[in-house]
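Here the chain labels run A, B, C and D in written order, and each chain numbers its own residues starting at 1.
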Amino acid sequence: MNAHIPPEPPDILAPGPDASPLRRTVYEVIFGHHTRRGRNFDLILIATILASVVAVVLESVASIAASYGGPLRAIEWGFTLVFTVEYVVRLWCVGKPLRYARSFFGLVDLLAVLPTWISLLLPGGQVLTVVRILRVLRVFRILKLAQYMGEAQVLAQALRASRFKITVFLFSVLNIVVIVGSLMYLVEGPERGFDSIPRGIYWGIVTLTTVGYGDIAPQTGVGQSIAAVLMIMGYGIIAVPTGIVTVELGRAAGAAGIVARVRTGHCDECGTDDHAEDALYCRRCGSPLSAPV
Amino acid sequence: MNAHIPPEPPDILAPGPDASPLRRTVYEVIFGHHTRRGRNFDLILIATILASVVAVVLESVASIAASYGGPLRAIEWGFTLVFTVEYVVRLWCVGKPLRYARSFFGLVDLLAVLPTWISLLLPGGQVLTVVRILRVLRVFRILKLAQYMGEAQVLAQALRASRFKITVFLFSVLNIVVIVGSLMYLVEGPERGFDSIPRGIYWGIVTLTTVGYGDIAPQTGVGQSIAAVLMIMGYGIIAVPTGIVTVELGRAAGAAGIVARVRTGHCDECGTDDHAEDALYCRRCGSPLSAPV
Amino acid sequence: MNAHIPPEPPDILAPGPDASPLRRTVYEVIFGHHTRRGRNFDLILIATILASVVAVVLESVASIAASYGGPLRAIEWGFTLVFTVEYVVRLWCVGKPLRYARSFFGLVDLLAVLPTWISLLLPGGQVLTVVRILRVLRVFRILKLAQYMGEAQVLAQALRASRFKITVFLFSVLNIVVIVGSLMYLVEGPERGFDSIPRGIYWGIVTLTTVGYGDIAPQTGVGQSIAAVLMIMGYGIIAVPTGIVTVELGRAAGAAGIVARVRTGHCDECGTDDHAEDALYCRRCGSPLSAPV
Amino acid sequence: MNAHIPPEPPDILAPGPDASPLRRTVYEVIFGHHTRRGRNFDLILIATILASVVAVVLESVASIAASYGGPLRAIEWGFTLVFTVEYVVRLWCVGKPLRYARSFFGLVDLLAVLPTWISLLLPGGQVLTVVRILRVLRVFRILKLAQYMGEAQVLAQALRASRFKITVFLFSVLNIVVIVGSLMYLVEGPERGFDSIPRGIYWGIVTLTTVGYGDIAPQTGVGQSIAAVLMIMGYGIIAVPTGIVTVELGRAAGAAGIVARVRTGHCDECGTDDHAEDALYCRRCGSPLSAPV
């Protein structure tokens, strides 16, 4: 049962008819993934991005930085220069540069090079280069995994449809945490770790989400009783967003052409499967269905 | 697909026909949100409430209290006086003061000013002023977010319908925790942190809800085995309330006019709805479908 | 929409026709809850049980035991004597004593008095008296909360139907934990807390269930990597039993007369509500349904 | 309602027609479970596997190893020799040895003996002998628990159908953890436990999965704020895979012949199934229903 994939939108970034052939070719290679060169470019790009993220990650480990720090920084700058050039080329070959620069992928591509340049001013900033890893999201487009795209859209649609209930839910949770956190600050007090109301709110979130570090924990009987109530709430409250998302996912799956009820039967005329269990006629061609599978 | 919003109930708090025009105007501004002044009043009120909560929160941080303690306390008293006056005015302009005072919002408005007055007697009480944050719940009414209201009602209805199963579930969980907590007190004993049965019950809740602070943890082999069983129970038991709420949410969504299955298209011949998105013929009678809904 | 309550089973515990009137009356009072005296007896019993459990719990708190230890032990023995007498009377007035003794409530009633007697031999055993709290389960019968009973049965039925999938799931989880726990013992070793394979298995359960005490935690890079995989598995695996239980709950709700699709419409002939949304005729009396609500 | 069990696949491992009768008999006993000897062999095998796993586990406990280390190692070698001989015999009596060696059970059987042999070279390796526990998976086949098999297949099918959405989900989660982990490394720094980006990523996973050991925890205000956001995300994100798996389980249950709605009764007139338990007339055509299924 394939997810229903909406047709690809018209390519609004492509250069206009008056652009030079060089520009078209570069655009085709960098942005396109229908040609062999386009796909190769993207695969090499993904590999380069992953390599650069690994370089930043390794550089942060003290033992490795001690031995290989210099070379790693050089490699990192090499990557940054390559990506900066790539970004400029993208801006050049695209039909509407501003449109690309403001799109999600455009912003991600910019954030991929900015931290390293900023680190000239703020030391340590290059750590944020790991944002570059978001560029790997394009891997789905390269591999033309239509199935992944379709399923991701079903997911996104379900989450979007849940947003009202989830906002109401989140708002209620925040209210509870602020009030209980303040109460614990009052009951336990700074000598037991609850320095201030913000610290109490932090403890409240750590407890309600059942993370429970234990860095701050109630020690008085009253405090432990309040904490117990909060824990049971947090434990059970998770049922609410789960229920919201599950119901919406069931609904979104239906909208994409996959109904929640099993569809059996096969139309001999046009070959369509997936008919509702009470279906008597094929929805595609109108012919009567034979006995269900 | 909008949630079905029940019509607004008749306004029982409005002053009677014999009230003075001043009283009506004040009522309209304070309680109403249909006029421009009513909405402005509410927006200013929300901003003031949030500012006052932030003041209380900041005051609890030792470093900030050291520098700005005095001014903050003064601001806090300023807010409290404003809200007390507002509360009194509300009581005055409403048609039935007792009814307002006993309603949910009435109680919240009272609790919003009480802690600061009480703190004259009990130091530290003003921390509970954060209860004031519940007043922000009125933000939904102001912004006339019908969608939020409708969705919140669907949520509330689902939770109300689940209450029997959830009570049975909670009761069972409490039984388990009391028994296992006592058992651990017996097995581990005070020298390993389990001072008393209440402490064992506290540990049981910390473990069952998977919060797991680690402030108290079993150290003997027997204790760790019992703990392991409790953890697996807690891990799996969460499936129950989640299932309950999910099933009820699916049902409540249907009752509010939002059907669980996508409805597209209507067969004029036999009246069947709910055809798949790609359907061209009715699966019941085979007739061609007209343009989808 | 009430849950469909199966009719009460014939009373197999009642004394036979040849029993003395005294025996019948006692049976009626102790086991029955249809008469006023039966209900009063049960209410007093529940109160007594709760009081006795509170006594045991308080006795375990060192500070309270120091001051009130003697009186509390005396009260505890008082309760035990009362419950022992009650248990003997139950055995006497019932028609089939063995049947009662082997039933769930019969065993619970016995376990309610046994620990205190055993504590004459094993000190500390009276702590297990909290098992007495299970006797409070009879509260549901007293209050004749048919709704609770029905909902509890729906819950129980759903859990029973899930048992196969849950067994498969549990078995897989145990396998994973044993293998990963042993691996961690190998990787981290006793000097980092992982004393033996059982300790590793304990850590594995603490981590997989996301409890995460922190009393034992991996410190090597390899160990932390394996732990990370286990945590993500534990985090996601919970989806499986939740899904199993949710699907079964939806099914069980249907079997109890509550179908998962909203039932609207009202039959003017016989007054039945809750018809399926595609229903044309009343399922009770066969009359055609008017336009749905 | 039994799960629909697909018919057993033709036995491809069986020895060909030219094999000796001895070979056939051995094959029948070792691989088959239809005969009495086959079942006995398997039961003895399971018992032996469990005993050997217990031996390895006990050997890891320091106190037991001190007293019984020698005998345990001897027993362990005994088991390994027995299983090695069994493995060789399996290879011999099977029709296509390579096919068996590459199958899941074949690999598990090999891994069951390899660690102990490897431990001659790498000390400590015999700990991995617990992998042997996977051999116990054959218990389902022995007991011919068709119900378990069917349900396990429904589970497996649901999980397989969810794989696309789960991959998208997992990929998104990993992205978040890498970015937030690096951010925390930047904000908190090595002096507070965040040695390097990999350590930050480890902390991110410990927090997002709500395990929360507490071995590393943020201490600055900024760090705790970021952590709070991550915790709330982790707490809510679990709703997504749960929803995915629940929807697929509902669908897979339908495909296996277990319909999601209770089916009682069948209308002979119009063929509609799925009548409520208390239905007396068909809701579609109004005819009286015959005795329920």
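Everything below uses one rule, namely that a contact is a pair of C-beta atoms (placed from the backbone, for glycine too) under 8 Å apart; a residue touches a chain by one contact, two chains touch by 3 or more.
Note that the structure is a prediction, hence the values are computed from the model and not measured.
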Distance-maximising chain from subunit C - centres being C-alpha averages: A
Chain copies touching (subunit B, subunit C) - same or different residues, decided at half shared: different
Centre-to-centre distance between subunit C and subunit B (centres being mean Cα positions), rounded to whole Å: 28
Subunit A and subunit C, separation of their C-alpha mean positions in angstrom: 40
Multi-chain contact residues (two or more partners), subunit D: 198, 201, 210-214, 234, 238, 242, 244, 246, 250, 260
Overall pattern in which the protein chains touch one another (line/ring/star/complete/other): complete
Subunit B partner contacts - residues on subunit C that touch it in the complex: 53, 56-57, 60-62, 124-125, 127-128, 130-131, 133-134, 136-137, 140, 147-148, 151-152, 154-155, 158-159, 166, 170, 173, 198-199, 201-202, 205-206, 208-215, 234, 238, 241-242, 244-246, 248-250, 253, 260-262
Touching residues on subunit A, where the partner in the complex is subunit B: 4, 164-165, 167-169, 175, 178-179, 182-183, 185-186, 190, 195-198, 200-201, 207, 210-214, 217, 219, 221, 224-225, 227-228, 231-232, 234-236, 238-240, 242-244, 246-247, 250-251, 254-257, 259-260, 274-276, 278-288
Subunit A to subunit C touching residues, read off their complex: 210-214, 242, 246
